[in-house]
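Labels A, B and C are assigned to the chains in the order they are written; within every chain, residues are numbered from 1.
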């Protein structure tokens, strides 16, 4: 019976990149931003729940969380191209999408300025906007280079503790090799957490031992923890140099951790907050 | 013949049963009596094969119980244990037909239905056939289980079979106690050997051919009813002062007790001293 | 007075009632399959679906213009429906078996630890398994997660069985307590794994624990599906054994059943059944509890009726729940476990209250 139904490992049906025309489904907030920046926003017909920027994208149908996609609803929208950030899934759904004859392009995701450039190049190549992509990449490179050189003068690197909460329970702290760690370093700070990798639930003693000069949070996390006052009232935070000096920085999470087009802006904002008196280089014309 | 030869059951260093031998022939009604903790249920478990004795052996027709295939054994002997618990909504008829498991495939045949009808009429529960077990009273449940084991042994022709009953009159009112014991007694007419643990010595006297008296894990007496039953036995084994009278119509003894039959002074003493106290 | 003829009539009426109920349930399943084949994010008209299936079976020439719909129907929707049927039937039958085996109407595949054992193994594989990926070949990798879940379920059940078995006899109370203990340890393991995992992996775990039929393909189904089917059918052959076992293990032995062998078989088959299902779908809760109860309420406790009807109704329930899961928030979808838990949670509480009120089921 199964054999008669013609089961076989799914293979990529015919698809050749770039796909210059036709509707696009964009998976991943950073990818969506880039598609719009390359002037192909009018082609986007659906996004995932992390695509909250630019505003136009918020009005589109949403296909759920990027790691829990479902093939049928996506195919029902008849896209010519699905642009998805690496790590989208589950893998067997990606197989089903490919088998249905839809072009699927996975966009690499690295937490670095070079990673952002690669993302732009990959998206531009997939949607056949090579020229626009090159121009955008060049502007980004200039931005990053200018920020790098002006930040290299700064010798005093404050210890930054990144806190964020998901759901209930203790907030998580960002360890090494996280997107938070990367952006802190780029903005001329030092991650106060050196002992472990990834995001881990915070322990009060661990927070005190990390002795951060600054606490960095996402805006949602700050709201959850009861605003700046609520955060500073926590006995563990109050014990730290950051708590005593009341140094709390809150930023929007997609801007801060997204590693997309607005990453230069994120570096600039964070650097200004970390280093009072820091004169940021002007933005490259956008 | 179902026989237990010198069986001993140890629980730690304590002997629950100590060198007990008992036998029942086809068509014979054997009552096992004795006070609480004498080892009656343990003995029945050994005879049913549920418990392997530490010493001695149990044999059916000269063949060790453990070497009988389970299905063959279940066609020759049925066991009513003390109040099996059941929390599911079978109807009375379904439960009685479960007793026919050894004889049938997945669906009951003509004989199985005849067996169920006969057993349920014997025990007076035919009118409850479609009632859920869960809605039955304690006494009705007990009779359903009795009907189940009667149905298990039902046969169209007389043949050698054994019925083991552990306090079959539990939860039953006076009338139904005698209904149940009469049903067991009638089974002996078709070649069924019955072994029943009975609480009330008068039941043993009225229905049994033979009595096996257990006391502290040992055989105290074993023999025909008139030979075994005595006022001395009642005093020493049950620790009651009883009178043994004779029913002139049936020429059988019966036991009479009255308030104060059990001397209050022996209640709280350990067995050794208790024994000494009860002797004159 | 009731005679043999009356009893023959009663038994015949019961058999008839069972046959009618089974037929209704089978028709309902066919109807639900019909609906789920056509409904979804993309509506496939009945004629089109029939033509596509006919083409796939080689009964009609293949029409290339229908390629997109063919993929959706044949490669995405049909395997999902097949998995839904297998999952519903398998979980319900496993529930029936465990409730009978433990003589406890509240037993569920989650209770003996099969589900949690399988889920824990899967979680461990997601979080800790990455280093393995460099050494495994692609086809092995494809099935690695299901295999991990299946092995986890089997090992947990064997462990619980070993703990609860002394001198070849299983004591049900000990078995239940061992299940509780192992579930607690599995929960601790999952907690530890969540602690060790990074954010993305954490999200995967959450979705995995809630269960989903999403993303099943024929080549995964062809590997695990027959296993689920075989275990489910084999389990349903123990109906008479379970009827007797409800009276107690000793009573079942007196009725001529080889109780120890029966228990060993049933536990192994349940582990296979549930392990294989959890491997494919994650932990879909309450199906094994809900369905057998509904059938018992309507049809009584006889396992010869309970098994086939529970299998059919289980399949119906999972297919309907999955239809909601994939159509209610289009173009996204809900984990199916959320829906079955919404149905099952209140039902479970109601059962507990009922038990409190009646002292029995």
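Here, contacts are C-beta pairs under 8 Å (C-beta built on N, C-alpha and C of every residue); 3 or more make two chains touch, one makes a residue touch a chain.
Every value quoted in this text rests on a predicted model; they were computed, and no experiment measured them.
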Remotest chain, subunit A as reference, centres from CA atoms: B
Geometric centre: closest chain by C-alpha means: C
Separation of mean Cα positions, subunit C and subunit B [Å, integer]: 44
Computed distance of Cα centres, subunit C from subunit A, in Å: 39
Centre distance in Å when subunit A and subunit B are each reduced to the mean of their C-alpha atoms: 79
Set of subunit A residues in contact with two or more other chains: none
Junction residues of subunit B - those touching two or more other chains: none
Residue ranges of subunit C in contact with subunit A within the complex: 40-42, 56-58, 67-68, 71-72, 74-79, 195, 197-200, 202-204, 207, 212, 214-222, 225, 326, 329-333, 335
Subunit B - residues contacting subunit C, complex: 48-50, 70-75, 77-79, 81, 84-91, 93-94, 97-99, 101-102, 106-108, 110, 113-114, 116-117, 120-121, 126-127, 129-130, 132, 134, 152
Residues on subunit C engaged by subunit B in the complex (per definition of touch): 1-4, 6-8, 10-11, 14-15, 103-105, 239-240, 243-244, 246-248, 250-251, 253-258, 296, 300-302, 304, 358, 360-361
Complex interface listing, subunit A residues touching subunit C: 2, 4-10, 46, 49, 61-65, 67-68, 70-78, 87, 90, 92-93, 95-96, 99-101, 166, 172, 178, 197-201
